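One structure is given below, represented as structure tokens, and several questions about it will come after.
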Amino acid sequence: MLHRPPAAPTPPMGWNSWDCYGAGITEKDLLANAAYLRDHLKEYGWQYVVCDIQWYEPRAVDTDYNNFTPLCMDEYSRLIPAENRFPSAAGGKGFSVIAEQIHAMGLKFGVHLLRGIPRQAVHSGAKTVTGVLAKDIAAQYSVCPWNTDMYGVDADKPGAREYYESVFALFAEWGVDYVKVDDIANTEFLKDDPYSAAKEIELMRDAIDKCGRTMVLSLSPGPAPIAHARHLSANADLWRMSGDFWDSRDKLIEMFRLCEKWYAFVGDGKWPDCDMLPVGRLMVTHRKLGSHYTRFTRDEQITMMNLWCIFRSPLMIGAELRDNDDFTLSLLTNPEVLAVNQRSTRPVPVRCEPDEAVWQNAMEDGSPVVALFNLTESERTVSVTLRELGLTGTCALRDLWRHETVGTTSDNTPIAVTLPPTGSVMYRLESMG
Amino acid sequence: MLHRPPAAPTPPMGWNSWDCYGAGITEKDLLANAAYLRDHLKEYGWQYVVCDIQWYEPRAVDTDYNNFTPLCMDEYSRLIPAENRFPSAAGGKGFSVIAEQIHAMGLKFGVHLLRGIPRQAVHSGAKTVTGVLAKDIAAQYSVCPWNTDMYGVDADKPGAREYYESVFALFAEWGVDYVKVDDIANTEFLKDDPYSAAKEIELMRDAIDKCGRTMVLSLSPGPAPIAHARHLSANADLWRMSGDFWDSRDKLIEMFRLCEKWYAFVGDGKWPDCDMLPVGRLMVTHRKLGSHYTRFTRDEQITMMNLWCIFRSPLMIGAELRDNDDFTLSLLTNPEVLAVNQRSTRPVPVRCEPDEAVWQNAMEDGSPVVALFNLTESERTVSVTLRELGLTGTCALRDLWRHETVGTTSDNTPIAVTLPPTGSVMYRLESMG
Amino acid sequence: MLHRPPAAPTPPMGWNSWDCYGAGITEKDLLANAAYLRDHLKEYGWQYVVCDIQWYEPRAVDTDYNNFTPLCMDEYSRLIPAENRFPSAAGGKGFSVIAEQIHAMGLKFGVHLLRGIPRQAVHSGAKTVTGVLAKDIAAQYSVCPWNTDMYGVDADKPGAREYYESVFALFAEWGVDYVKVDDIANTEFLKDDPYSAAKEIELMRDAIDKCGRTMVLSLSPGPAPIAHARHLSANADLWRMSGDFWDSRDKLIEMFRLCEKWYAFVGDGKWPDCDMLPVGRLMVTHRKLGSHYTRFTRDEQITMMNLWCIFRSPLMIGAELRDNDDFTLSLLTNPEVLAVNQRSTRPVPVRCEPDEAVWQNAMEDGSPVVALFNLTESERTVSVTLRELGLTGTCALRDLWRHETVGTTSDNTPIAVTLPPTGSVMYRLESMG
Amino acid sequence: MLHRPPAAPTPPMGWNSWDCYGAGITEKDLLANAAYLRDHLKEYGWQYVVCDIQWYEPRAVDTDYNNFTPLCMDEYSRLIPAENRFPSAAGGKGFSVIAEQIHAMGLKFGVHLLRGIPRQAVHSGAKTVTGVLAKDIAAQYSVCPWNTDMYGVDADKPGAREYYESVFALFAEWGVDYVKVDDIANTEFLKDDPYSAAKEIELMRDAIDKCGRTMVLSLSPGPAPIAHARHLSANADLWRMSGDFWDSRDKLIEMFRLCEKWYAFVGDGKWPDCDMLPVGRLMVTHRKLGSHYTRFTRDEQITMMNLWCIFRSPLMIGAELRDNDDFTLSLLTNPEVLAVNQRSTRPVPVRCEPDEAVWQNAMEDGSPVVALFNLTESERTVSVTLRELGLTGTCALRDLWRHETVGTTSDNTPIAVTLPPTGSVMYRLESMG
């Protein structure tokens, strides 16, 4: 007897088009970022290339949605890529040509999916795969609060299950490896129930199990309700703990609170998700705002990497990779830090205070890792004792960003470090007996 | 200087088509009930004839809605009567012929309106009165939880105000005297806010003030949130305190709790609404359930009338009036009881307990009225002292259902009466010095 | 038959020792303030002289309480005045000598009472009037969150009712006219129930009804839970809507929100209470903070008076009256403004916005009163139309602070006035036809 | 460098006096039960003997508390055993003689502690170890809702830390191995905060770390708030998930819901606690109710053991052990079932439905364990597939209660078993390749 491997045995690492292209990514830019990933990042473990929302919307450009706009759809009420943006989709090929190219790079391909069935299908009398009309499986009361494309699906209606199966079967046919489903992990269409889409999650879980291809299932947006942690863990591989994360210090600080809530659910192929890394050049095509380089300071970016890695969050890069500067690239290619994300065990919040935090983990070989965080906007000394870490003895502190030993600690000598505003360190503790 | 009279100086009394015809009332049945009202009830104060929901839906039959079904609409995205059901609407006459006939009977005419703009208009590219597209004033995230006809209107969008003005101007043109707006007094399309439609209520208030015709504004469904009592009172004439009321003992008992919450807001032309009176023959055309005569016992019906009247609730009859039996008619034509509803001052809950209730009011001439209620399913003696009523002296008890004096009370002799299960009495206290 | 008059047919007006003396008022200062009331304020309607908390605590000085300190108590576990502070209480006379003197001035006398029975009685084995031990009626789980003097009383225990009766009988014997009961209108000793003391309120109501003397019953602290408005109204004469009110602009602004919630419960001898007027010299004896003159600007004080009066709140002066300056005295002796408080009908909130408010009332003769409030910290023009006030015609605006007509208004000419920061006006509308 | 071992590396197993003796256990009965533990249970892993609440109350007999009753206390306001109940405490020996005897049996000794400082000390002017008066560290607003012995301690007051240190130092001196602190894991003395005692928990944690003796720290009562899981885990060894658990089917069913919430926090020496096992003879000395044998059916008892063991709950026996019948003893001495509790890894809730549940765990050697539960009151077949368990292949099902192989399962053959009302099975899966 064997244990079945989970679809994501370690936290997924990759690139997603949202932060730089919003709803408007094109085939050309997608493949160019994939090529960058292959050339500069793959060797460090980065592997997923994810095409985010509205690849079926011909007029989409950036993070603003066009309300009630025509969508590209096949005869079974399934969305298909807009050919003006994804030319290889012509002739009914969908994403299969793109998937093939990405696989040829040694990478994996992901797509975004909005929960539900197109409103366009419902109001135009379209059919689904079983012949049931789209309007007869639509849950009319279930609409996404921020996008007009879909109605939710009433999971109890005849034809609902088969509809979702037909969607994932099409993804499998295309060669999709990862699906980021949206408007699903927090969607309060039933009064006071932010987890109203539970049955649709189950239908998707079953559809993936049945589709004949391994696919990672990622659920958005957050905050996913922690009261449903078991259901999330049983049905998905990763799920968002927060609303959309962007390059704002407040959101970074808030993530510490969320990690404190969720830490016990990390591991065994299940990954509460801190959301994308808004580093490098972002919002490249934004009509109103223009693009900008991340507003995070370098210390904030390192603090973000330290938290995401010691917590074992999925890591999805937001940058237009071709515009990376040296610092951004260095941030994403530190093997000692990424090892904490990929080859540690379980995160433990040792201290969670408004002004400072200490997190602990252990590598697979048992060696402890500890990160100390300054959550204030001033310099601050943060310290922790071996007793607080449940340890005893003497050990060297290996700084995982400086790649060198920076001191020792023992029962009588706490770890103490003076950190810049919103700064942090991450150490591996190496026993000296 | 004069005080402007409110649109409903006393609680509105009338008949509404919902309880007997659901969404499927026709011109013929509407006018037949109006004629009954004229012949048997008008002299007791009953005056409104209200045509409830989906008069624009050609296929509607009963309380079940057809999802995503075609609606009758004019060129400005306004709903108009379905001619197959309301033949006099032919030739663009809308409800004007019916209104005229009802006015000729000495009665007033009311219609139902669902908050928003038809989804059919939004998805078919229709215009509104200002030329703005329906899709550009639709609040896409705002859908009714139980009916697919409309999207809410985003009150901040250009053209939103004019759209609602155009709807009420059409009603004024038709001769409408009363509008029951639905999906508005409790509609949680914004998270945790059951009063999300406040701005649409204000637009409707302004539209009525501007339309050149006096119209009573009634808001549904309940429970309207009491935290917004002031806003309701400032903008509407009546509003629902409860979810849909039907002939169920549990709902009747629950109404005592709701009256206890809302009593202070009764009066000065403002009427928290206990909802319709489900008496007589109900659900006449129901496809699945068939019709039934009210399931309330006679004692329960009297208890309902006593509460609705001493509380000064609006009174809207649910019965197919032509099928009234003698008891039902007698219930609706007791002048002493209806006088409490129309010519008393303010209700006071003297005792509100799980098992019994005592309510008090005073007629315009100052004479006290008291009702004693048994809320249990067994016989029970309920009593109250003059001290509890804030009174002193000696007085006769006039039973408003038996139309005779049934005893006296004084400082030393409480009012005490043995009541059948869910039974009640209502007395006017006549001073004996 | 007669209607029994309520204990407080109009909002009570008087002086209370808390704002100037905290828990430390003495007989001398109490009587000196009473004399000032007699000489300068009585003719304007001010009549109650209320001795606030801990008159039984020998060491009390200001608003800080001594924890677990010895209290003066009689043989039935009832608190009695500390003789070092109230010398006339010697020889078991309690407050009777003081009450007599105050009555002789043509004024009325009030005392404070903390809900419950002294912990000192419970832990020392003391008896109550029936012989039942104090510890056997104490509700051990019920303690005041801010003072250690008492345990709550378990209303269901034998002897509980008699204990409260004995307390109010003693007050009646002394000649008390007004009781401010504390730790009762909002006291969450039962989980999630801020109205846990409901049964003790009922015992006190009954005890007053039985004591043979008319006493006004005032309940503190706030916020009293509006869900229990009926119970408050049935059992007390006034009750606090807010936490302790002091001379802070934020608290003044918050009071507009609270009045908006509570307005419907005002009238018929029942008075939701905005709390004391922190004007003049305050905190006279404070050990740590010293005394100060009110921090309110003159405009804020007028705004406070306008709100308290048009809302018909009880009016209790907080000042050490002997230190009043001319402005303070003028504030308290404006007959036209006080008439709105004493001889109007019911308050109506016409507009309640973050930045401005308009309130309306009508004098007993029907003449409308309107107050316009600027709630911002800048100058602001506030206006209201006759339509919004439910009026029509033409009328003169009498400014109740300037005592003159300042303009007219009509259907086409709204009332509009430019107000200083946190400023307001109050007008009586006099018909010109 | 070494990892410090947790105080409770596996879920604590033992006996506690509450279920059979309430607050009234005596030295004689305590030692008699300890002797039984030594003779019949120790070899199966049972080791703790815990003396529950009010060992300092001379008049305590059963689960009813005497309110405001005299307590035994030393000169530093610390509680000491009542000599009439624990004669060996005479001469200031406290629990040291009893601890010694229990240690001599090869067992460990635990005591109960109510959070806070005796009210008797506060009201009698008693001192604490530093000379600070008891009344000056008491948090007057913090009282236990169900017992009058203590006031909470205000952790910020000088002398508070030292007071708690003195209490645990005394326990260390006596030889205490386990402390069950009560009124602490859920105690809402601050409004809306069921975890108001967080600072006192920290003081106790520090006091134990400093006392020089390993002590297990158990927190009661439940429900401990899951929002504070991290704090509980960082400071205590076990904590209650539920209110008091007794032999009621409803409470047993409810425990499945609680385990579903808490499972992720089980392991690494931290134990969310299902509470005591109410088996055998209970409430031996109850004045009003008399004693009774557990009301659980045998199936319910097995279901309880299966859940407690696969979830890895602490196991504390409630029975008067000397009255055990054969079935009760057999329930507590099944080595295969107890091995799941002591030597598995982490519990996983595979299915959590109102009518049935499936839980999974894995032994330290990796072999899977699965328990299937019928939560209805009728016979019911429950099944689970290997896919749902994340497994594949073929394996034998070893029934841990029947001690034999009862079938096999494979990818195509689900585990399916027909269970009696509230019945369950627990299987270890043994690979057949």
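Lettered A, B, C and D in written order, each chain numbered from 1.
In this section, contacts are C-beta pairs under 8 Å (C-beta built on N, C-alpha and C of every residue); 3 or more make two chains touch, one makes a residue touch a chain.
Being a predicted model, the structure only gives us computed values, none of them experimental.
Peer 1: Since chain B and chain C are copies that touch, just let me know if over half of their interface numbering is common to both, same, or not, different.
Peer 2: Same, since most residue numbers here occur in both copies.
Peer 1: Just the number, please: Cα centre separation of chain A and chain B in whole Å.
Peer 2: Those two chain centres are 51 Å apart.
Peer 1: Could you grab the centroid distance between chain A and chain C? Build each centroid from C-alpha atoms only and quote it in angstrom.
Peer 2: Computed value for the inter-centroid distance: 57 Å.
Peer 1: State, to the nearest whole Å, the distance from the C-alpha centre of chain B to the C-alpha centre of chain C.
Peer 2: Distance between chain centres: 39 Å.
Peer 1: Quick one: which chain pairs are touching?
Peer 2: A-B, A-D, B-C, C-D
Peer 1: With touch defined as at the start, can you tell me which chain A residues reach chain D in the complex?
Peer 2: So the residues of chain A in touch with chain D come to 1-4, 6, 209, 227, 229-230, 234, 260-261, 263-265, 349-350, 352, 386-387, 390-395, 429, 431-433.
Peer 1: Could you list, by residue number, the parts of chain A that touch chain B in their complex?
Peer 2: Interface residues on the chain A side: 67-68, 119-120, 122-124, 135-136, 138, 140-141, 143-148, 188, 191-192.
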